Amino acid sequence: EDPIRIGWIGSLTGDSAVFGVNESSMIKMLVEETNAAGGILGRQVELFTYDTKGDANEAINATRRIIAQDKVCAILGPNASGQCIAIASVLEQMKVADISTVATNPKVTLNYDEATGEFTTVKPYNFRICFTDPYQGAIAAGFAFDELKATKAAIFYDVSDDYSSGLTQFFEQVFADKGGEIVAKEAFKSEDVEFKAQLTNILAANPDVLFLPCYYKQAALIAKQARELGITAVLLGGDGWPSDQLFVMAKEALQGAYFVNHLDVNDPAFAELKTKFETKYNIPLDLNGFMAHDAYLTLVAAIEKAGTDDSQAIADALTEITVQGLTGTIKLSKDDHNPIGKEGSITKIAGDGYEFVMKYGLGQ
Amino acid sequence: MSWYYIEGILIQCGYVLMVVLGLSLLTGFAGLFSFGHAGFMAIGAYMAAIGTAKWGLPFFPALLMGGAAAGVVGAGLGSMTLNLKGDYFCIATLGFGEAVRLILENWEYVGGARGVSGIPWETNLNSVLIACVVGTLALMALIRSRHGRNIIAIREDELAAQMSGINTFRYKMIALIISAVYAGIGGGLLAHYMTYIQPKMFQMVKSTEYTIIVIFGGMGSVTGSIIGTLILTFLPEMLRSLDNWRLVIYGLAVIFIMVIRPRGLMGGMELSDIFRLPARRRAARMAAERIKSMEDAGAGKEAQR
Amino acid sequence: MGEALLRTDKLSVSFGGIHALRETNIEINPGEIVAIIGSNGAGKSSMMNAISGVVKYSGEIEFKGRPLPKQAHRIVSAGISHVPEGRLIFANLTTMENLRMGAYLRNDARAVAKTLERVLDMFPRLKERENQIAGTLSGGEQQMLAMGRGLMSDPELLLLDEPSLGLAPILVDTIFDIIKEIKQMGKTILLVEQNAYKALSVADRAYVLTQGRITLEGPACDVMTNPVVVEAYLGKKRNRLIQDTAE
Amino acid sequence: MKSGGKEVLKLEHATKQFGGLTAVDDVTFTIREGEIFGLIGPNGAGKTTIFNLINGVYALSGGKILFDGKTIAEGAAEGRKALQLKPFQIAQMGITRTFQNIRLFKNLSVYDNVLIACHRSANYSLFEPLLRLKGTRFSKQEKALKHKAEDLLDLMGLTFYRDVISVNLPYGLQRKLEIARALALDPKLLLLDEPAAGMNPEETDSLMQMIRSIRDKFDLTVLIIEHHMDLIMGVCDRIHVLNFGKSLAEGTPSQVQSSPAVIEAYLGAQDGCVKEGER
Amino acid sequence: MINGLSLGSVYALMAVGYSLVYSIMNFSNFAHGGVIMVGAYIGYFAMTAANLPFWLAFVLCGVGAGLLAVLLELLVYTPLRNRNAPFLYYIISAMGASIFLENFVIATIGPTYRTYPQVFSTEPFRLGALSLSRIDLMIIAVAAVGLVALVIIIDKTKIGLGIRASSFSIKASQLMGVNVNVTIFIVFLLGGILAGFAGMLFGMKYTVYPTIGAITTKSFVAAVFGGLGSLPGAIIGSVLLGVIEVLVSGYLSSNFRDLIAFVILIGILIVKPTGLMGKTSEDKA
């Protein structure tokens, strides 16, 4: 019998290759496991992975190919919102669902009317298992104000990155609504490595927390330089942070920092998967790997629920299922194709590892 | 290969070609290097996208508006920088491209780094085909006129061109503006193909990719630009199943072609020349013989002795 | 005659399909001035370029009885210096640096200083323009610089390609005086000149190059009076002049 | 010689300094319509610099240059700002030149070199070429340009080489091509910088004929720099001699030739050929 | 200000290599970023996998990167030179080479960020009121020593004269007895060694990853800004660029830093069109 064909696309080259490699390796490992365990619906799984170079047009090409030529029944990835939004029209045309791992822009799953500035309908074939920028920004701001009792926050963000800008916007909003004050807002660009000038301004503003909505490379470099300058504010980050590299690069400087995570680091499954992955591929397992893991679980569940590899049936099944993933219980909403009620895990960096602090959802 | 997939690549070729044609005029014919064409593309893309998505304009006027906006900005850039020479002009354009991106990233009206979404999906094979045919014919027409020849003269020897009464600044400006318009239209096509744009799509690497195509295809050849676009767009797709090795091979291929054909694929020739070639070669050979026999009268006489 | 300093055997040069030089055999004896004349494109410069190793050639070149190395830099160290057509001075360097480039392969600082002094004596204008960027020198000044630079390597054989090009009449005479002076210093010279008359009048022997082939050779005075040469290279006016003086 | 014509070019106290060096020092001369005017002087006397001043390649440091009665360059002086037309403007007014170190459009064919330079003979706009129909202004003018270029090639004897890439031409023909290109602009004044360099006496002779014939045919005025005395003395109506940037003498060939100052600075002991010939 | 100096020194170390190659080959060697990146990796693996002491790794880095640069020259540029290709084609080949290097590293070593072991104590070095981290001091010192050494080589030695001569005309320098291949070899070696040092110091100060090359765009800008082909120009341009960037993001706006820095650069170029130290001479016709 024919195998069930599934696809993954994402960056294997270019600036964000580090994230894509994590995802694709994880999915490869999982597919191997599935096949060893007898496959899905009794059929083997065949995986196709394509590089997008982090480029939206490449993502479209890869999607066209993976659907039209390789005939996959669903797609996982890509690992950035820009690419996810761009492939929406192809998905719609070919009626194939995509479950994105870490694309946090609300526009990934919802149509947006630029003229009125309002979200309109849900995109029928775009799904995601991560939370969105507004949600995460709000969690970070709420945690900072309510739990850390911070009243003065500084933001240092990557102006050239959509993820970073998104978090910034909503953090700023929520923090101010709660009655806090943004005392400094500074920007850098993705390729920067030197941040002291902006940090000097932040130092002068003397914030309680310094919010760093960026990826771990910059977070580590910024933390180091901030501490060198004598900034004592609590550092706060988003889900771009989780990576072992963070420790290697700036363990000392990051002691006592918090970040919003998708998963509870105390979960034993977490440690098990991590060891397995790292021994197999000899690369550190980042958050992307975990998200890919859960996206894969979700897809498998949907195929099983649909009982077929028909792409439309799978797309329909995606909102019907509830999956217990590493990053929490995943139930995709029919209205916006986002995971429902997913809570952030606030994680603290202490000593040599992560320390689970609390679950923090927007209800609080 | 499935047609649906190929169609996608062809559409990509289409909008890339618009930008490359423009760049070909500037780099291949006027001899000016630009690392900032992604900036013009961005301007065209955003203008057109705002036109359709925000202001509800039809696709075609929005596209032209994008081209026009890029042209206007090109004129502004040119008036400041066209007096700079070679690499200095080149970094001015490089800075320009990055500056455009930075402005877009900071501009909330167009979504900052998060970009503009909800752009209608208007770009298809037909629309890019029309754009490319019109673009190519117009460019060829321009080049085969006194204006085009003046532009070529600048590339060959700017001082000698001035001495021939060519207002080199004006013609460099014309080349830059037209080039920017092409890039702007290419950007508009891109926006309506992606249905989503963000500043990240217009990084400097894009500009260098297009420059690579122009030179790979051969300076001063429109045909070369077309063939270069096709090859260099299709190549990475052909290699797609190699995952992260494909760009390694892409890099090698670029070097390889440059080394074995150091004037690019079509350097200075058009496809039509290839058909004319035998006749031309003959004429050139005859001329070479004549040059030789331009010979001192002595030759014949000595033979007689 | 004794052992030739330089001898070519079937020396040919071609560019793509064009044969610039076809199986030419020439001989240069120590201490003499040999002129090569021929019209535009006859292959004169190609011959010089072959000898100095900047174009590829087929055939043999023997220098001091041994095969001449093929790399340009080894040819220079063997004792051949080429003052090329079109001067090819280093426009980005100063006059003095250009001259120092001429002595690139020489390590004896004192001897170099001596040569430099002599060159500056020959061309006082160069001394005045010592620190000017060579690209901005006038045409004639550049020509002097090229000659001076060629002499800086203290060569045994000096190849001069159209040394009088673009020089004022007074300087043309000077240049030819200098050429004679160089000969007096015991150097050997291979000279290419459009100004065939002048060239022949300082040369000991001459070759006529026609379409890449040697069509005539012999002592300079014989070549000069050869009617074919007179007609082709010396111009009608000169022709008359020579006949007048001959009568 | 058409003497007494109206003044075409006039240098008034023209001066050019490079840093500390005064390359052209207070030079004044006038060229009249139809003249062939020679500019000679030792190497480095400032001849090419004067060409570059006339052309607007260099800005004048002092003095004034008039063409057809109009000031084209004027150095700054008290109470007056420097005036300097751009090289292309000067070329469009009717002064064209050839270069001491040939500057052709190297990689283009002989025909294209000339065709480019013909551009002033057409005035269709940027958009007209888009409609390539018969009978439009564009196609008519373009046809005229082609004829003009072909005629010029014909005149200079270059028709046979029209498709040859210009760098591949022999030196002598490159010179001719430069002249053809300069003529394509229908100049009133043609500047020739050492046109006979690298030519043998035979070729120099025919160049001389050619200069005369194009002067007559195109109603030109010619300013010529040359070190070949045969050519200068044979073709010029008047000659101006420079030395170290300063004017040394001016007059007819025979006047100049017999001027002791010129002999001493420039010509040297003349007619070396006779002396040599006697050897 | 002092931050600007340290950022500027990083740019400078990279820019000097650009400028050096430019000065002889007259083209912007866009593969330079790739060589810097490989240098950074060599240093990293020397210190981690091979456990070599810092100085040894440093030397190895220079040598390795130098050899890589020479290899590029032999495999990519020499064939082009033999075919008399115009300079544009060198640029494109260089871009091809940089794409190749970057992706080769991603494909083999992987895209992961890597961090050098700590060698210098984080204790800043104090000189009066001035406090400077040791790594910054090291960078500034290497940049300064490298530059002075290069300027001496280029301006004062015979090889340097040969290099400058070859940069103008390969044919003419051959006629002077210069072995042009050796000269070019030396230039690439020197440029590569500096690139290796730059890569390693960069990696130690920040981190190592395959797309380090992207930051070398800045050093290219700095090199042009300083006057291409002029080594002191490259240094001054780099330091100035670093200082401008730091001052702009410190006092004006970090959001528009690059834009403002760019406007300043263009302003300076308009006033001085050949860069700060570039030669201005009137074009002679």
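Per-chain numbering from 1; labels A, B, C, D and E assigned in written order.
Note that in this section contacts are C-beta pairs under 8 Å (C-beta built on N, C-alpha and C of every residue); 3 or more make two chains touch, one makes a residue touch a chain.
In this text, all values refer to a predicted model and were calculated from it rather than measured experimentally.
With steps allowed only between chains in touch, the distance from chain A over to chain D comes to 2. Of all chains in the assembly, those touching chain D and also chain E are B, C.
Summarising the inter-chain layout, the chain whose CA centre lies farthest from the centre of chain A is C. Annotation: 43 Å between the Cα-based centres of chain C and chain E. Averaging C-alpha coordinates per chain places the centre of chain A 36 Å away from that of chain E.
A separation of 29 Å divides the Cα centre of chain B from that of chain E. For chain A, residues touching at least two other chains, in rising order: 12-13, 17, 21, 159. Taken residue by residue, chain B touches two or more other chains at 102, 106, 159, 163, 244, 247, 288, 291, 294, whereas all remaining positions touch fewer.
Touching two or more other chains at once are residues 39-41, 136, 232-233 of chain C. On the chain A side of its complex with chain E, the touching residues are 12-15, 17-18, 21, 159, 186-189, 191, 193-194, 196-198, 200-201, 216-217, 220-221, 228, 245, 248-249, 283-284.
Of all residues in chain A, those touching chain B in their complex are 12-13, 17, 21, 49-51, 53, 55-58, 60-62, 64-65, 67-69, 81-82, 85-86, 88-90, 94, 105, 107, 111-115, 158-162, 164-166. Residue ranges on chain E touching chain C, taken from their complex, read 158, 161-162, 164-165, 167-169, 171-180, 279, 281, 284.
Those residues of chain C that touch chain E in the shared complex are 52-54, 71-73, 75-77, 81-82, 84, 88-93, 97, 100-102, 104-105, 133, 135-136, 149, 153.
The residues of chain B lying in touch with chain E in their complex are 33, 80-81, 83-85, 87-88, 90-92, 94-96, 98-99, 102-103, 106, 159, 163, 204, 208, 211-212, 215-216, 219, 244-245, 247-248, 250-255, 258-259, 262-264.
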